[in-house]
């Protein structure tokens, strides 16, 4: 009784001193008046969480992200605008490099301690320490020039970028989260990086885990589930549009399941509330169960395309082997693109739920995908014509095209064994290629092994593959083209970069230099239309040169039980705004209907 | 006691013999896993923003730049001192990561072992006492069928069946996982133990069905043979009742080969639990091993191999000791 | 048939058949004999003659299936003085007889004891079963019995396992077990065949002594004529599942009336009788030609006919009846009367 | 055992051990059923090309069909003519249920033709009995119709044809793997048992090491060591080879034991006394003596390997496209999860074949074991 | 006829003479089987199966080797043929020490020395036809090539009382007696001069034993074979042997001509053995000498005379002195220190 009174007093006190962040009414379909508080949201994750430590976490999704409130800014899921969140306000310098954030007052950690500027500095300091091995260490600099984060005073933090950058606000909102100084700093000071690495493991007592977000850890049952409970201090500075403290939920249960089939089972059994059917089979199961009234819920099929790509990349090494020379010829890659039957891929592999792709910009960025990039779409006759030009005019006795030197048109296409979708794509490529006399062998290996192949060199200094079918994921909304790690052709050390077709650290082809130059131009271009024009240019080059032969993209589907409320407005329901764990909704605004 | 005098050196000698086996097995495992292209850090490549020097730094930090044999001896030294090394994925000592999954697998294996014997012995005995009866023929037929269905697919069928029961009758089925997500957090230990048991039941049954099928038929054959032995005839000639003849005189010797096979049962169940743990979403050793394999988390793999090898050796030792208890001929020789 | 003395067990027309895939094996095909109280009856025969099956039929220990007692009766007067037909008894009634009224010892002492229990346990089991004694008393009886059969340090030996004992010791244990409930009849199925000759002498000696002391009857099954001569009061000779000759032991050895018995007696070397002297031509044993008959494929007439040097056409036609040749001596041979002369010729 | 049950001396028939075993085997009804079933299955594998109306990977990327159900076969057409025919099919993806819908197009009818050749259709040619190239098919229908006896997979490939072709791999896998295991087990066990001493100790230690390391781990890691451009079928057979390398221990142990005990047999002593060489003794007396066990081992190991094959497919290191085995076909059903069971039960047919093959081999194996074991003879 | 070699008293070399020309001379034959135990499987003891056994056999002689189970008679028989490698001593065959021969050299001697086994079921490879079994020896030694081989096999079969058409059958089609005949034919296939007959009739039915004994006797006479006849049954041995060797716990107790041994045993063990055998005559009621107790374990045999623990004549010295085998009458040897008995 006493405690409750104290909490209530603290709340009024807090609210009188500082303005809470008010969640715009547009972020949910529900009216604040309908909302019921309490209840538990049950969701599912496909693997065991490995750590609670924000500095060493490298998985996705992970628990630290679920437990953090965010950072200075947040991106409005409906308008895509950046709005102050943990900052009350911010200023931007004229050269667009320096940002100064004034911290919102009254924010508290889950142990009741105030959130201060030091907490950002702590986070920045530790993430920037090489020895900690943070997953975002490399984000702390742009093109090898560090981003600087400094404390101006107790309520003010300054962030300085090396140069003007359109993605700066994305960085501010999505990368640097505050971490509790009072927990980490003493350890960091006494034991250094090693001390930090040993903190906040899965077996750490939940009481010792301090969070800024709407929830805190209640219990972690390894291999079974994570149970989160409401952070009592979060509601002091987070209110809904009607002024009600957030979150509405009492708790969240994240069940851990081994595979996608088990995930479906849990949803069909009514054991979890949110679910994204991964393919058509699962979609059909959910639909059938809903139609048969086995589950009472909502299904949004084909909500949007996925924020990921699948493509074939050839080995374009500057080695004088017959194959790399052939692959290095754009005509060959164009011919190859013309035997990729993307419609068949969508129809047969994706069950009709997807779309062909021709550029590295994920189709979910509808506004960014350039038009007229499908010049080398499926066209076997065109492919034959180009191959004839390359000297492949006659077929050998085994039906495989040979050139005048007797070289067979044959290569091995590798993809990872775990991914049936990619194997399906490879199969269609193989079968279509066979029809025109191109022999494609397929090989399905472990993902790790496949990524190793990208830079593993043999005794002759050559990379040891012909072609790999792989994909990329991730990226922001501001400039959603392939990033520098994918397109940078020089200035990178050995291995580790994603410039998959050429890892010689030299720009072999003019289009490589052209592309990277365009990219940096776009990063500095603050005008959206101009930036889109640059993206179009980049895609045109890509479509012509076919360094990555894009295949097809799946669509995403969302399902949830009828008791689960508070999803984003339909217009904002897409793969970019949906969380893997909670679906197309903001967890803080989610509530359970009883 | 005479028996203890002769059994102890025997056990000690067995343990001495285990050492080279253990060393060879772990060394072999270490080499094989390192032979595979790539290492734990290869996956970082998927991440567009991890730089090569980061990878190199981590490689050094994990000791992956050392020659394999050096790494092995380093591992061995730590192992002897009770340190299983560091998991790359969990960024925690393997000592902390391993026990949970190990215990979970052990739950399946222990319930499985109990079930294995609790079913196969009575079935085997019944079939041997009434050979070619309808029940015997039914058991035989069922065991043939269970031996024929791939266990992972059988698991899928069972889960599907349970789901249909839950959907159509509203029965709360233990659909995968180790515990129910619906239980409140503050329940008595026996209630949660019961919950775990209920969840373990379906995977365990599928796990041991094949074993039961072959074991029960094996016991049947053994018992039939022992029932034809001279000393069983002696017992009957004494006027011993038939069920006493079966259970007291025949069964004990008939079970000797079964017990001799116990040593292989533990690792076989742990190994066999693999697919079923995956399909039933049971947080055991195999899911741990599979993700470790995918990520080349070598010290986890090494630890799992070491544990499996130890289990194999301990199992063998256990069956040796049990055999000497059940069969005095071994004890005195 | 005129049984002398009080009949303990009478087997009348016993037929025990086995069904095999190859046909019905008539292991015991109409066997009739009896044992008097306190008497030792030897049943002699080679493998396949049906002697062991006869003894197991008396114990009702024939594995069924494939075996079956098809016909005949086994009349037995137990310790309670009531005559019962063993063939008709229920399994529970039979269990009361086994080990209590009738005990049995077997040929292979190495395999006839349960390897996983101590010999004390195994003897005590019978005692507890039939005499209602508790474990402790029964173990006392077991030790007494071991002493009784001449095993040194019986208190220690009760706790030993069979594999710790020699063959002779195990056979003594078997005897101790068999005698632990004072049976009226002991069936000894080739009890010394697997033993060395010096141990055989010990065991035979022991059995004779025990019979004197206890006064039980013994059904002694053997193929060793030397053992028969030493142990038996009367002899039953079996061949091809039937009794071919029966009579007093002296009669059988002095004046056999069946060619098979005669052949057997002639074919064994007698200790000290045929000793070879170097330089002199070696004597010859008189062998029975041919092989032991196949029980599946017995001749229609006399089973011994194919090997018999006295066989005539009539032998082939029907199974000869058992002729009473006087003095309780019987022979299943149509030419038995002629053998008086032959016998005399041979001995002359 | 003493003579409790008389062992009848068999009528003198001049038979070898083998003919006795065979006559014993024939008495066992389950063994007969098993053998008959195996005969049918292996005949099916041998005639796969002839029985399968379509090629192994035959499908259309233009006229796309996915998860077609078994095609209904009609017997009497509108004109009253009798004879099997099928109708054309039309496919829609039902965006309500997200399942493929197929409707018969009664305007198109195609008679089922028997013993037709398909010249020019590359996918359909095969080598009859392994050497005569032909495209003769037991039955087929002409385009535009499709005859899916057991439905299709997601690419519109005929499941019946794939099961037929898959049988070639599934049924040969067991034999190849167990023969490899037997060869290894015989050699290693033979060496250990015959030479004894240090060799014996080393080999037996190796057996222990191999059985101690988790199998799954060995399979997955060793699989990663193969060259990538190797033919998938070759890689798969190497995987099977690994299985054999892992699995020879048990057999070696038994062969060793048998050799150790047969060495002491009188007839081996007799051969030694006759002056027979080691090689002769091993080849003529010791190894044939293990034949009984080997045959039983083979017939019981083969079903084990057939199951292992499906397990390998389940963890993704089994046979891959373009080849098919029952295991990889069942994996398709497994991947489909509940949808396979609810919406396309015909994808479970390969599982039925696995069960049948395993069952048949078990029957035969048990029958052989009983037939070889004089104590189990009836 | 009896030649007496010098007996060197106390010397390691003892030659026990044979009748006529010596074919086989066994000197101090030893076969120890190691017993392993302890933590490291070290040899902790020996089973002294054959311990210092010496005797010789003349050409054409039939010598019986008698003893109970554990006496080492079978081991001795096999060690002589090097089917078991002896651990000590010499075996002189026609003056050559065959224990020193290499495997290849030994092969030639195997044509001269053959063995017949006790168990007619275990001694024939069930997978070979009779022709293969008998022909194997000819194949190994390249005898009677081609068509001759079949004729020779047929001849051998007839010689052992079987019919030539039996050669195409398998062992399991024969009865025990017939199998034993096949075993004999196999041994004769190489025309040996010396045969070890290891309990050839013990496993046979009574009525069959006489057939096989007669056959062996006929063959021995016809072919002039030298035979070492191993048995546990004195009656059979007496019947066909010229001389008899009695073994107990790995050592020779007594050697004497058959009649001499039977009528006038000099060793207490032989006396007991003779007395223990039951006589198939119910009218003869003999006073038995019943040996007490069991045969001791060969792992830990009694000190001094191995028989002393069961000997009714044993004196204190018996525990101290290992009795030498010495000649007590012409051709009659015994290993007993007491001359005042028997």
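Annotations for the structure displayed:
All chains are identified by letter, namely A, B, C, D and E, in their written order; residue positions are counted from 1 within each chain.
Keep this in mind: a residue touches a chain if its C-beta (ideal position, glycine included) is under 8 Å from a C-beta of that chain, and two chains touch if they have at least 3 such contacts.
The UniProt protein names, listed by chain, are A = Peptide ABC transporter periplasmic peptide-binding protein; D = Peptide ABC transporter permease.
In this text the structure is predicted, and so the values were computed from the model without any measurement.
Common neighbours of chain C and chain D (chains touching each): B, E. Comparing the centres of all chains, each the average of its CA atoms, the largest separation from chain E belongs to A. Of all chains, the one whose Cα centroid sits at the greatest distance from that of chain C is A. Taking B-D and A-B together, the pair of chains sharing more C-beta contacts is A-B.
Comparing each chain's Cα centroid with the centroid of every protein Cα atom identifies chain B as the most central. Rounded to whole angstrom units, the spacing between the C-alpha centres of chain D and chain E is 56. With centres taken as mean Cα positions, chain C sits 92 Å from chain A. Centres computed as Cα averages put chain A at a distance of 44 Å from chain D.
Residues of chain E found to touch two or more other chains are 175. Residue positions 47, 61, 63, 106, 108, 111 of chain C each touch two or more of the other chains.
Shown for chain A are the residues that touch two or more other chains, namely 261, 265, 268, 418, 446, 449, 453. Those residues of chain B whose C-beta lies close enough to touch chain A in the complex are 36-39, 42-58, 61, 89-92, 96, 100-101, 104, 156, 159, 163, 166-167, 173, 175-179, 181-182, 185, 277-283, 287, 291, 293-296. Touching chain E in their complex are the following residues of chain D: 9-10, 12-17, 20, 265-267, 269-277, 280, 284-285, 288-289, 291.
Chain C contributes residues 46-47, 166-169, 196-202, 204-205, 223-230, 232, 249-250, 253-254, 263-265, 267-272, 274-279, 282-289, 291-292, 307 to its touches with chain E in the complex.
Across the complex, chain A meets chain B through its residues 42, 47-48, 50-51, 53, 56, 58, 130, 133, 135-139, 197, 201-203, 218-219, 221-225, 227, 253, 255-259, 261-262, 265-266, 268-272, 289, 294, 418, 446-449, 451-456, 472, 474, 483, 485-486, 492-498. Residues of chain A touching chain D in their complex: 260-261, 264-265, 268, 280-285, 287-288, 291, 301, 341, 344, 347-349, 351-353, 399, 412, 414, 417-418, 420, 423-424, 426-428, 430-432, 441-446, 449, 453, 464-466.
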